[in-house]
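In what comes next, chain A is part of two complexes: it sits with chain B in the first one and with chain C in the second one.
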Partner chain A sequence: MTLKQYTIRLALLILGTIPLLFITGCYGARETDEMGFVTVLGIDKAGDKDKITYQIAISPKKGSTTPSEEDPWIISSFTTPSLAETRMLLNTTIPRPPNLSHITTLIISEEKARDGLNPILANFMRNRNYRENIFFIVVEGSAEDYIKQNKPVLEEQIHKFYETTFSSSNMGYFLKVQLHDLYIRLKTAGGSAYAVYSGINPKNGENKPQGGETPEQKGEPYLPGGIPRKGTATAVDFVGLAVFHGDKLIGVLDSDETRAAAILQNKFYNGYIGVVDPLAPEKDVININIFMTEKPTITADLSGDKPTFHIDVKLEGELLGVTSYINYEAPKYRELLENQTANLMKGQIMKMLKHTQTLGTDPAGLGLYLRPKFSNTAKLQDANLTALYEAAQFEVNVSVKIRRTGLLRQSSPKSQGGTL
Partner chain B sequence: MNIFTKNFKALKQIVLYEPPKDPPPFVLAEAERSNDTPAPVTSSLAQYEALLRYAHRLADTIEKSLTALKQPYQADKIAALKLEIAALEKQQDKLSPVLETYSLSQSPANQEISTSMEENKLTLEKLYNLPDNQDLIIRRLTIPAQPPVDAALVFIDGISDKNTINLAILQPLMLLGKRDKSLFQKAGLEELLAEYLPGNQVKLVHTFGDITSAINMGDTAILFDGLSQAALIETKGQEHRGPDRPTLEQSVRGSQSAFTETLRVNTGLVRTLLRTSDLTTEMLTVGTRSNTLCAVMYLKSIINPELVVEAKRRLQGITTDAVTQAGMLQLLMMDQPILPYPQALSTERPDRVAAALAEGRLAILVDGSPFAIVAPISFFTLLHVAEDFSLPWVAGSFARILRLLGTLINVLLPAMYLAISYFHQEALPTDLILAIGAAREKVPFPAFVEIASMEFAFELLREGGIRIPGLLGSTIGIVGAIILGQAAVAANIVSPITVVIIAVTGLASFAIPDYSLSFAIRLTRFVFELLAAMLGLIGVSGGIITIIVLLCSMKSLGVPYMAPLAPKTRYGYDAILRGPNAAQELRPDELSPQDIRRQPTVSLRWTKQASGKKKGDKS
Partner chain C sequence: MKAQPGNMGIAEGMSLVFITTSSTIFLAAWSLAIDRTTTASWMMPLINTCTGLLTLCLLLYVLSVTSTDLYDACQLLVGTTATRLIVLYYIGIYFLDATLLLRQFAENTLLTALPELPFEIAIGWYTIIAVILSYIGIEATLRAGYIIMPLIILASFTVLTMLLPQYEILYLAPWRGPGLDKVLASGVMSSGINIGILIPAFLASSFQNTKTVKYSVLYALGLSCLVKTATLAAFIAAFGTGSAREKVLPFYELSRLVYINRYIQRIESLVIIVWAVAGILNITVLVYAGIYLLARLFNLPTLKPLILPVLLLISALAMIPEEITSVITLHTKLHFGLYNIGTMLIPFALFVMALIHAFKQKNSKKQPSCQ
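Take a look at the complex of A and B:
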């Protein structure tokens, strides 16, 4: 074949294929500045319909260094019977077609969650527009109000607020829950679904603790809205855990119980607690940074009708401050403190377990440890693991080792004058 | 003539256009093609002219003989006359109509040298278009032998060495006066060459073809009246540039000499790095008009002999009029000239050539070109640089990975940006997609037009940058890149992210060491951008598959282009990563060299030997 023929053949090939690309080419192409990126989606119950709230990000204005007075988002609510159709309605109110692939957070009102999650998840798990790593929050009150009132100060964009909040959620007062975590828990035998519990704080400084603290602890357990605080921070509190029985919300755990659930799932990294001074219980407090160094050892025993769980938790602590100046660094005093702390943690874990047993939900996933006890899948499917959990007995053993004393190696008693 | 007529004429001159009366300007007339058939040879006139010249010579000789016979007997004169008559007879033999017609129909280059100086001079004049052509010098002289002989020195001014001609040819020949021997005796010429011409390469030839090819190279030919032979003396001496620093393939730790335009200097540069009798330099000529000398260099005991045969077959099979550059020759002899990917390495560094020869590759050097062609190569060779082996292997491998990444970025970055921002917004972090959207807010064009216009501006800068005079080059480059980019952003013609992407892509393109590869990759990038804008990541992945298929199907002088990856061959730790120098035990497997082993498994024998120092010896 001569070069001329080759060129002609090549030209014909190109002329033949390029129009094909245009004919079959994807028409889904959209310029980035021709789309509205929805970052937060809220679902409320409105009679027998749903109220869907969209929070759409407004792109940061080019060149502006000072943050503008207006919020960098649009909030739009619709009351419709179908989630999918709401997108069409949304498109009628904003010029740009909404893009749902950047939704970071799904917010559901407590009322809606009590009706069950399955109808909602049916939309989210199938549609490829939604990512499976969407954060899942159940809020006290209405999702629309929550979205409207959550105005972060440190972050300009709302998606950044949620991303930052949940990437640092290893203190135990709230847990990171994404859509696929929830879905796995809903579909798996053993362990119940749970979600982040959040709400609006009136910011009037009023203290509304939940009560039920152990005698060894100084701090009080809280739920959203109960934390005594004031100031200019955003109104939302992330504290507690919304727990589900099946796909229906059944109750909420307070901050202490949430931390206990985190410890049992090895999702707790470290936290600061105030322990009542074992030698001066009236007014002195010992602040400890406790952290987990080992995965808790959990074994289940299903020899009788009721299962027994043996839970062995190992924690370590670092002294942060001893107000009584008693020498807790010395071995004999340290043991006292270690036992005090261990009792505290054990009490909180027991409280959580009892509470969840009465609610009929298993957020710590202890039911998973029962699964090896069944000889085949059929038997496992017949068994009601949640019912077994409700009837279970627990043997909790917590050991705390205080290994670090901070920058002071030895405390000496207060001087006579009451000063250092 | 009344005033009316006068005014009318003046008005007419102003209003009416009359062409100037200058001679018509030169316009090149279109040649009338007669389907490339050569015009019939009109040789009869030339034939008659040759006969006429013979007749004149005959008359001269008869006259000379008459005067000689009238005078008292002089043995030497009679002997000279005898020889002259013998030469005449020889000439007459050649003038027989059949032979004459044959030799005239041949190209003058194939003609045999005549015994008649006049005939030879006419042939040379015809060959070199004298007297229009001023390059050829014909210096007539008389050699004072017994009897004296008319001779002519023929050489080309400018490519021959005048000192050698003066001192080593003219001087000995003209001082031959004391010699009483005759040149026309048997072996007289050989004696002359052996005793009187101190040139280092001297030989005798019989045809004009030999003469022209020698003097075209700068040699000098001596023609003798009455002899049908010519002596060729080596007097090459053209002006040339000495080896300079490499300009395109600069290196920090490699050698600092580059090839020059003179072939012999270049072969010498390679030989200084490979001083072995194994190194073979074969000379071939390419180009029917340019007669360009090419050297094929290889190591005889290492290279696969089939490679040499194939390279020579291709070189000899090229029929073209002129080859003026190594790059031209590379394209004329490569396996897939239609693809932009270079299938041979073009290098200006003797050390790279030497390293390639030692691996079992061959090099082709072209006279007049400061670049050597190294073949066969693989794609990865093009990403290597000379000093890779001067650096520790970790650093060398790092640099190679960096270059490979640069290549990938160069091909894919703008395409990925287009594909993701058009079709796959979910693949970017929310902040980034919002930032891109915000930056594009005021730009009136689609992202593809932005990318295309910036690419176009960048390519213009690059093309212009080559031609900007050196002193202005850097300034205009900065002005172009910074001011243009800044201004385009300020004028809302492109978004800042586009400028960033094109700038990174441009930077990455300079990480590709090979100029032709860089060009090919840029062309590929444009195709990828088009595919990405039309079909998104599907288009990009389709493009990647096509490119991989294309690259895997390519050959460089018959050797797979993607070796040692595809086909998988024994890996010598010298493709993407490179191993320590001591671990480079094998030559590239895909070259099938005669000797695969480069060095023994333990090449550092000193590590296995005890040092000379005794234990406890502190000195």
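Take a look at the complex of A and C:
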């Protein structure tokens, strides 16, 4: 390379570098303190219009070191015929342009969900501001009231409350449901859509169980608002599953049924259950931590006029407490307890299956196992998998293996007349 | 020709073929493919890779018989007029493909990252970078592509791995989709998507030897097939066919879906950089191939003066369509139609002509000399 060529190239490089100084940062970029970050969106039915509620995060004030007494958010509700209009109206009430890309949770009232989700989802799936991993909740009552009454204590910001709640939802009494889960269930044959079911608890300690528990279980199934509790925790309960027939809300599953649906979908990790003591059923209870270590084996048979689903669930358990002090660690007693627990779980699964058959919805996605039975997609399209599910028969087999006994090797009888 | 590229090896060849055949995973092409072959769409890249390999065999035979590059081989086998028609066809489709890619990548930049950026500026930036790369030359561009290639593969498989909790394998059932016959037919018809595999044959004299062309196409096509098949299967398993067929940007949607926990999410901004680079390289390679053939066709001593006017024309053309849906639809129709002339019919015709040529040569050697 000659000196002249070198000089020209160097000059070109410098000329090319100078413009870079003027194009730093994103085009149309705004500072975070110039935007109003919407974190939660609620939708209620308001006659033939929608009431949209925005929960907008307030960023900490500059220089503030002590936590504010006021809620770190503002709530605004609008009644308009379309979501786009509402966004414009929101912009007229706050000085910062609203930014919707940080919405973590979408809350729909039960009344609105019964009208159908398709018109709502049409906005959320197309607009790049909304992400498919927004959590989706159906609430008993009004979404606006729910947003107003949910004041978390452990988390300062509301988006963190929802993210933490659903990131740890592995006990089975409620499931993590994102827009994506809901939408693909609406669009794909072989399972029905479902959503988290939540509501406000009056916190008066009143017990309102749903009933219908199996003879082997000590606890009772619940829906939001029915849990007997008092205290200073936030008023919302996450318990149960809102289930859909097509895009319309058709019913709700209680806590036990929700756990059964979670087990069949391999979305259950571990949970705590109180089992009626098989040898002292009147008053004693055995507390067990049950967990799932392998995916349930589900096969479908479509050879007859009705499909049959063969479901094999394997659970494992750890003893947490035996109030009767019977030695359930010993093989002969352990088998009794394992059968008792297996019957309990089988009963809850069967109850969920029968209930959902009646409702005409398949939240566990058993219809997916029918898909390979069709030789091509045209035949699958002709079939109505939900109708097949409604007519199906189930052969459910649950086995429970008590693997661990906690910190006690064996239970000793209760002392009657002094210690040994 | 003065601007005849230099001494390219397997790395450059692999980069060329990989970039031109795999960057479609970042576009809507595969979403539209799901309309045709539904749950079995993941088989299409496998099938069109097989037809691509067949094309490679045919081309290698043509090159071995004629001991030259594809342009000279055409002249030798079909004469000057037919060669001009063939080369004009390839120039046309390379420029057309570059135009459609430029429009789509520019639109996707607006859609995914910079919604407030004026559309003309997005097109302008892509064009400026393509001009600079073309001026630097095909060798340097392909070496840059060779550095980017592992990043594309790594980014793809990282996203696919992070989506493991989202997959439902039963969404791929019925396993045979609309029927194996229809999948096979659609797979063969989609061979046009691999139009880039012809470029090494045109640039054969710039490669070290025919073996270099052979192995670079072979390896790159294999890698590209692996990435496309895995991505498409993952796309269906994550979204189901009902939702997947609606999407404009399959790969972007996959990366947007990653949600491991509240700390590991929103990773799509990292992937956008990868596909933007892949898109620019693809546009550059196609434009360069078109200009190279143009220079050969008109026997021009150099091709550099053509770069700026051609890219300006392409950017102007890219801005003509009024909306993006027609661009996506046209691109898919070309993949399934017009491009197949270039990936299947012309190579097959040249192969037949090469067979006849070889047969004639053999006979002429056997005949005793009259002198």
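Here is the rule we go by: the second predicted complex is superposed on the first by the 384 of 420 C-alpha atoms of A that agree within 3 Å, B and C clash if a C-alpha of one lies under 4 Å from a C-alpha of the other, contacts with A are read in each partner's own complex, and residues count from 1 in each chain.
Quick note on the criterion: a contact is a pair of C-beta atoms (placed from the backbone, for glycine too) under 8 Å apart; a residue touches a chain by one contact, two chains touch by 3 or more.
None of these values were measured; they are calculated from a predicted model.
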Open item on the list: According to the stated criteria, A:60 is in contact with first (chain B), second (chain C), both, or neither; which is it?
Closed with: first
Task: Partner chain in contact with A:401 - chain B first, chain C second, else both or neither - done: neither
- [ ] Look at A:374 in the shared chain and tell me whether it touches chain B only, chain C only, both, or neither; answer first, second, both or neither.
- [x] second
Task: Partner chain(s) touched by A:39 [first = chain B, second = chain C, both, neither] - done: first
TODO: Would you check which partner chain A:131 touches, where first means chain B only, second means chain C only, and both and neither mean what they say?
DONE: both
Open item on the list: Is A:167 touching anything from chain B or chain C once the two structures are fitted on A? First, second, both or neither.
Closed with: second
Open item on the list: Just to be sure I read the superposition right, which of the two partners does A:31 touch: chain B = first, chain C = second, or both, or neither?
Closed with: first
Open item on the list: Quick one: is A:190 in contact with chain B, with chain C, with both, or with neither? Answer first, second, both or neither.
Closed with: second
- [ ] Take the contacts of chain A with chain B and those with chain C, and give the residues found in both.
- [x] 26, 28, 131, 160
Task: Footprint of chain A on chain C - complex, ascending - done: 38-39, 111-117, 121, 166, 168, 170-171, 173-179, 239-243, 246, 253, 256-257, 259, 261-262, 265-266
Open item on the list: Under the stated contact criterion, what part of chain A meets chain C in this complex?
Closed with: 26-28, 125, 128, 131-133, 160, 163-164, 167, 178, 180, 183-184, 187-190, 365, 368-369, 371-372, 374-380
TODO: Could you pull out which chain B residues touch chain A in their complex?
DONE: 338, 421-423, 425-426, 430-431, 433-443, 446-447, 531, 533-536, 538-539
Task: chain B-touching residues of chain A, taken from the complex the two chains share - done: 3, 6, 21-22, 25-26, 28-33, 35, 37, 39, 57, 59-62, 99, 101-102, 104, 131, 157, 159-160
